[in-house]
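Here it is: the structure, laid out below.
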């Protein structure tokens, strides 16, 4: 069975610094895969290359067997890979609902003329999109704030909104860059529950996180990054005991607990 | 809450109807050519400002190319009538066509540039239009321009007199503003403002910014060019002064004061900024000094314009209530 | 067509003089962009201010050139410092639209204010030198032109020394290079920025003052020059000072050459076409290059 997302020999350098240095890994369809690694190990850069926001210097990316490297980000999003950003991004002046209605995919069957003239077809499509948006808002627990501008949301609520927006196009895989960093610890389990629910709905997840408990409880598979490439991978429990992994987190002697949980 | 909202909507509709009614009977209330002239330039500048608002307020493109389109439109209609023997209406259509092509051809390469580069490139475009108007003497007649534009004709009748010309302008302004309103309140407007707020986020949601920007840039070029084309027949003469930076500054100030991205704010500001100083009889220079000072003050004190300032107050109280 | 050597030489000298004065404006623009990341739309009006100061003070000083020029520089530099203190210092580096609109507003106040007070009518400015000059063979240059060129040359030499070897100049270059790092080594970006704006305004005053007896003085003279200066600075790359000087000289020569031999048509147009092409070809290189090249 081919993996849903396959990355091979990805390289990205900034002025000589190789942030991603020959990374290869795969994400199986239907899984919740974790991507961990020390600060600066190139996780976000790898995601940027995969989702088209940065152009990799070398390497291939396949989504469901089709090469997506070199495509602009919007094409990759429409092909079924969406992402959130480490620095949470939402449209501040838009309401929670509008934040989701902006997403292009649900309106793919309508064109500008439909939108301009508000044709019957457009209104139907809009109705369906709105229904899906309301479902997602319910899923992330923001129903009370449906018509509130995103500006007034808390940091954690914005992360949930960004998550819902990434789900809006019904993508095959969602990449979350640190979904619970900075989120109130009492809320972390709720986020895990939401991801699980979405995963049961058929969406694959690739999750970057420093929070060990979150990753351990949620993921069925974990990839460990160090210095721009994959160090090892496996089930979360095994990976965390791997001496190589302990070494990677600098200053930690084997036998001591690794400080993986920066935000935990 | 609900009834309050529809109350606001009803008030808006009433205000629009009232404003249209006043404008429609304006020529009956006054026979002063001067006042009608003020109304004509006020309407056309408001349309040009509203087009700039589409480009800048919605798509986030601080484009000074509007000045170029405005002047090119004026030249197109003048040349069509004076040299090609076409009618006023043909002139306006030619202006629309030429500006559409120009908008596409210039917009396509230039929209890849950002921030300062985009601004300076669009200024350069406007200046280039000015230079061409001045130097391409065989077509534009050079610095002296094209004087003596005849009044438009409709169904064989000459539309002589300020009053009748005023109705043409009013018709165009209402059409153009309606088009912009429908566009800006549609999903396209929603997408544009999303691109303006955060282009990378929009891309991550499957939106291609370039086609939207190009479409908006071109639409604004066409609307501004047509406004310029009509304006030429108000002036009765077109010369390189049509590219005076003064026009651009006026469009900008209307957009900034009204609030970038606010349709009604810009329309109201357009009316106020053009009509008020005329009523107060400032000299043109003093008016521009005041505009400049207002621009500086607005940027320092309320960078998002009056509409933005009101919106901020609203959000602040919302936030206070919900926390 | 027979080309008269003297005529050619005269064109070259005129072009050189014009180019040097353009370069003063362009260098100031490049300096402000380098240090503050602001495109100063009021730059041309600062030059106009210098010209008007010169024009108004000359009669008071009994038409004597140097004290009037010195005052033109001082007044314009002070206005520049005030600009920074009251307006530009309140704009963040990332708020490029605000900085553009604020400087645009300031340029409107200055331009139309001058028009309101002095009217748009161009005025001739007379110095005690009148139209005296020197003649070498068939070539004639007035003193005002020769002095204008010489003053610009001296200003460039001084600027080079200042930016390259003084603490003041090094600080400017450091801030242009990396604001955060400059902050960490104890430089005060605000002080440095104010110095840069004051210096750039002073250069404008110098150019304006020197141009006053050569050209007609009128409120719109700044706008005519500033857009050309934009073009120059952009073709050279914003923040690139020697590049700005070189392109200014090239433009001065080009203008006087084309103006001397061909029709006006496409003369300036060609510059703007080059500029649009330059922006399209390398927008990032031109505008996002951090730092400031001095030489």
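Letters are used for the chains, namely A, B and C, taken in the order the chains are written, and counting of residues starts over at 1 for each.
Criterion: a residue touches a chain if its C-beta (ideal position, glycine included) is under 8 Å from a C-beta of that chain, and two chains touch if they have at least 3 such contacts.
Nothing here was measured: the structure is a model prediction, and the numbers come from that model.
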Query raised in the report: Could you name the chain whose CA centroid falls nearest to the centroid of all protein CA atoms?
Result: B
Report task. Could you pull out the chain whose C-alpha mean position is farthest off from that of chain C? Result -> A
Query raised in the report: What are the two chains with the top count of C-beta contact pairs?
Result: B-C
Requested in this report: Indicate the whole-number Å distance between the mean C-alpha point of chain A and the mean C-alpha point of chain B.
Outcome: 42
Report task. Round to the nearest whole Å and give the separation of the Cα centres of chain A and chain C. Result -> 51
Report task. Let me have the rounded angstrom distance from the C-alpha centre of chain B over to the C-alpha centre of chain C, please. Result -> 33
**Report entry** Multi-partner residues of chain B (each touching 2 or more other chains)
**Finding:** none
Requested in this report: Scan chain C for residues touching two or more other chains and write them down.
Outcome: none
Query raised in the report: Any idea which chain B residues touch chain C in the complex?
Result: 62, 109-110, 112-117, 119-121, 123-125, 127-128, 131-132, 135-137, 245, 249, 252, 256, 283, 285-289, 291-296, 299-300, 303
Report task. Within their complex, state which residues of chain A touch chain B. Result -> 51-53, 72-74, 77-78, 82-83, 85, 89-94, 98, 101-105, 107, 112, 115-116, 118, 122, 126, 145, 148-149, 151-152, 165-166, 168-169
Query - In the complex, chain C residues that touch chain B - result: 33, 39, 87, 90, 95-98, 100-102, 104-109, 111-113, 115-116, 223, 227, 230-231, 234, 238, 263-269, 272-273, 275-276, 279-280, 283, 286-287
Query raised in the report: Which residues, counting only chain B, touch chain A once they are in their complex?
Result: 182-183, 186-188, 190-191, 193-194, 197-198, 200-209, 215, 311, 315, 318-319, 322-323
